[in-house]
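Mind looking over this structure? Questions follow.
Just so it is clear, A, B, C, D, E, F, G, H, I and J label the chains in written order, and each chain counts residues from 1 on its own.
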Amino acid sequence: MSIHGYILIEAAVGTAQRVGESILALKHPDARVLSVDTVTGPYDVIVRLEADDLDRLGRCITQGIQRVEGVTKTNTCLSVSLG
Amino acid sequence: MSIHGYILIEAAVGTAQRVGESILALKHPDARVLSVDTVTGPYDVIVRLEADDLDRLGRCITQGIQRVEGVTKTNTCLSVSLG
Amino acid sequence: MSIHGYILIEAAVGTAQRVGESILALKHPDARVLSVDTVTGPYDVIVRLEADDLDRLGRCITQGIQRVEGVTKTNTCLSVSLG
Amino acid sequence: MSIHGYILIEAAVGTAQRVGESILALKHPDARVLSVDTVTGPYDVIVRLEADDLDRLGRCITQGIQRVEGVTKTNTCLSVSLG
Amino acid sequence: MSIHGYILIEAAVGTAQRVGESILALKHPDARVLSVDTVTGPYDVIVRLEADDLDRLGRCITQGIQRVEGVTKTNTCLSVSLG
Amino acid sequence: MSIHGYILIEAAVGTAQRVGESILALKHPDARVLSVDTVTGPYDVIVRLEADDLDRLGRCITQGIQRVEGVTKTNTCLSVSLG
Amino acid sequence: MSIHGYILIEAAVGTAQRVGESILALKHPDARVLSVDTVTGPYDVIVRLEADDLDRLGRCITQGIQRVEGVTKTNTCLSVSLG
Amino acid sequence: MSIHGYILIEAAVGTAQRVGESILALKHPDARVLSVDTVTGPYDVIVRLEADDLDRLGRCITQGIQRVEGVTKTNTCLSVSLG
Amino acid sequence: MSIHGYILIEAAVGTAQRVGESILALKHPDARVLSVDTVTGPYDVIVRLEADDLDRLGRCITQGIQRVEGVTKTNTCLSVSLG
Amino acid sequence: MSIHGYILIEAAVGTAQRVGESILALKHPDARVLSVDTVTGPYDVIVRLEADDLDRLGRCITQGIQRVEGVTKTNTCLSVSLG
């Protein structure tokens, strides 16, 4: 059963586009980047990630996304099926 | 050219599932609900919306989503292509 | 592979003990309560939960813990092995 | 159908006037600057922008306004007709 | 010399449209409503006001706008010419 | 008709006295400094300013007070007669 | 040696004028109200108080000003001479 | 070895004195009230408590102080000897 | 009677794993590290600590954990038995 | 009549002990340091100060305590007798 999450990213002023492109180009063995959107609002970039388990998703965030230049903070929202 | 956004929703404690289901069942003429996820993290529900223009998207948020019982605050992040 | 998380709970003033006891007594089919501590600091009660997958953990939080009287806000921190 | 928004800008202390002048002088191909006001209150400069679509408006903000020296944060409020 | 300001309004969830319409319909002797926009972002409605002096502008805000049903908070940004 | 306001100033730790003295010594053509108090509480210095109009007051704040070394943030409260 | 302070008051939406008038009419034996201003900005009313000592000033705030209808929060800034 | 802490209390507007008196009159078997001060600043009342161990101190806070009418929030700072 | 607490740690972006490993490797004479989890959510690492008394626990936090490179803030929640 | 206050101090991560010791060693002519505690919770060090009047207390804070290396913010709570 795979895991799916939204990573809400704050970026240094003026870097949103470059951060978005860097994450799109990210090849991380642990997770699949489903989409990357630069956005208006309280965040600068929203990424949808999918991985086989939570540990892999976490590694992709802390060792992949958080190391992209310009990223200042990530907020993770994991999808939970309550049905 | 259509518009696409993320609606980050805060819900009253204990209502996340019901809010998610109500939004999924929402038939609003102005916008298409692409996905609804109940999530962990600073928000309770994340909705992806698509509409033909910003006014329609706005109407779906203020007259559709914000009137769902249990919704206490919505934060809108509109996707912007910077390419 | 099971999932393990910390639920940081804010409770109505004067209800910490009762909230702690109610959660300890909670029999939720989806998750195991590993420990419940009433604490000093920015939160009132910290719960460690374990479940077989994220969906079950989420259901225990939104349909179990969040419905305990006195709980005003829950913050979920999911353990991620980065090793 | 054009898009119209308010950009609420926070500037480094002592730079409001220069930021306002730089934005007024900004010639960005994607959007029209309708007005620039230095203001009292929680923000330092308020800009009204108009563009043919959201993507152009977004590019003007992230690649034009956010790169003006002294700008530390931008908050975008897009006008929505709910009529 | 007249005074011009932006009133950034937070409204109760689900009331943005009605608040906007009520302010548009406001006939206050002390100030002229230049525009009213319902918006996405951290505020719900943005009003541009003009008055002959600050006292009249203040009266229109506290005795006109703040008494509109649904308005929960107003933030005033007065335009200042630094030229 | 003159304008009168309170400037609530946050200063770098340990600089309150020097900031207060610098503002007291400020000779700005656009506004009169009515009083300067170093204070306890959420702010470090409170200044009362008077000017002939809002533009002059604004210039004194952004080009005078905000350029004093040690000032990190100013919050302006303009007096409004509602009588 | 007397004590002098600024009381920064937040008032319920729409009550600033009435709060200001009530405080102006306040006859409290322990302190002298030097001025009352309804203001724009993060606060609604600013009061300058003077008393013979801190205890009297405190009593005027907690037993006088804080009991005025519409007052939701008071922030006290006491003037300190660092000379 | 006894434990000593500061309880920083926020009280409903206008209740500081009554809260202070109620805590002073509190006879809780688990802890000794060393001092109670009504204060200016971000808190309304500061209490110094001493108990034989952390559990007793915690019980005095949650079952004694937090149940005093008018108390809206308590923040506990436990003294730690780092020598 | 020993003392047990949760240390909720915020770390510099991109350092969560290294902070977690450094704390796990910490040999502090005053306290026992019961567990270290890198986590999703408002914190980056959660540590459970046990010590013989509060002073020893405090020393381990301020002289051990807070000196680990990458740690930017620690929040301590001490377990209290209210039974 | 003397004045008595609590100074709630935030210190740079890892410096609490040194800040506490420096304040204890502080010989300031204007005020008496009654106690210095390094603490858990939202602050790092709590100091109780006493002085002959508010000005002296203020000088000890801004010219003594705020200049201690590691101090990043001070919050002053002055004791007020409401009896």
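Methods note: a residue touches a chain if its C-beta (ideal position, glycine included) is under 8 Å from a C-beta of that chain, and two chains touch if they have at least 3 such contacts.
All values derive from a computational prediction rather than experimental measurement.
Enquirer: Show which chains lie in contact with chain B and also with chain H.
Expert: Output, common partners of chain B and chain H: C, I.
Enquirer: Across the interfaces E-F and F-J, which one involves more C-beta pairs in contact?
Expert: Per the contact counts, E-F leads.
Enquirer: Would you mind pulling out the distance in Å between where the CA atoms of chain B average out and where those of chain G do?
Expert: 43
Enquirer: Hey, how far is the Cα centre of chain G from the one of chain H, in Å?
Expert: Distance between chain centres, rounded to whole Å: 27 Å.
Enquirer: Chain A: which residues touch two or more other chains?
Expert: Residues 16-17, 38, 40-42, 54, 58, 62-63, 76, 78, 80-82.
Enquirer: Which chains are in touch, pair by pair?
Expert: Here the touching pairs of chains are A-B, A-C, A-D, A-E, A-I, B-C, B-D, B-E, B-I, C-H, C-I, C-J, D-E, D-F, D-G, E-F, E-G, F-G, F-H, F-J, G-H, G-J, H-I, H-J, I-J.
Enquirer: Within their complex, state which residues of chain D touch chain F.
Expert: 13-14, 16-17, 38, 40-41
Enquirer: Which residues of chain D touch chain A once you look at their complex with the stated criterion?
Expert: Counting only chain D, the residues touching chain A are 54, 58, 61-63, 66-67, 71-74, 76, 78.
Enquirer: Provide the residue numbers of chain G that touch chain F in the complex, in ascending order.
Expert: 4-6, 8, 16-17, 20, 37-43, 46, 75-82
Enquirer: Touching chain F in the complex: which residues of chain H?
Expert: 40-42
Enquirer: Would you tell me which residues of chain E are touching chain F in their complex?
Expert: Answer in residue numbers: 1, 3, 53-55, 57-59, 62-63, 78, 80-82.
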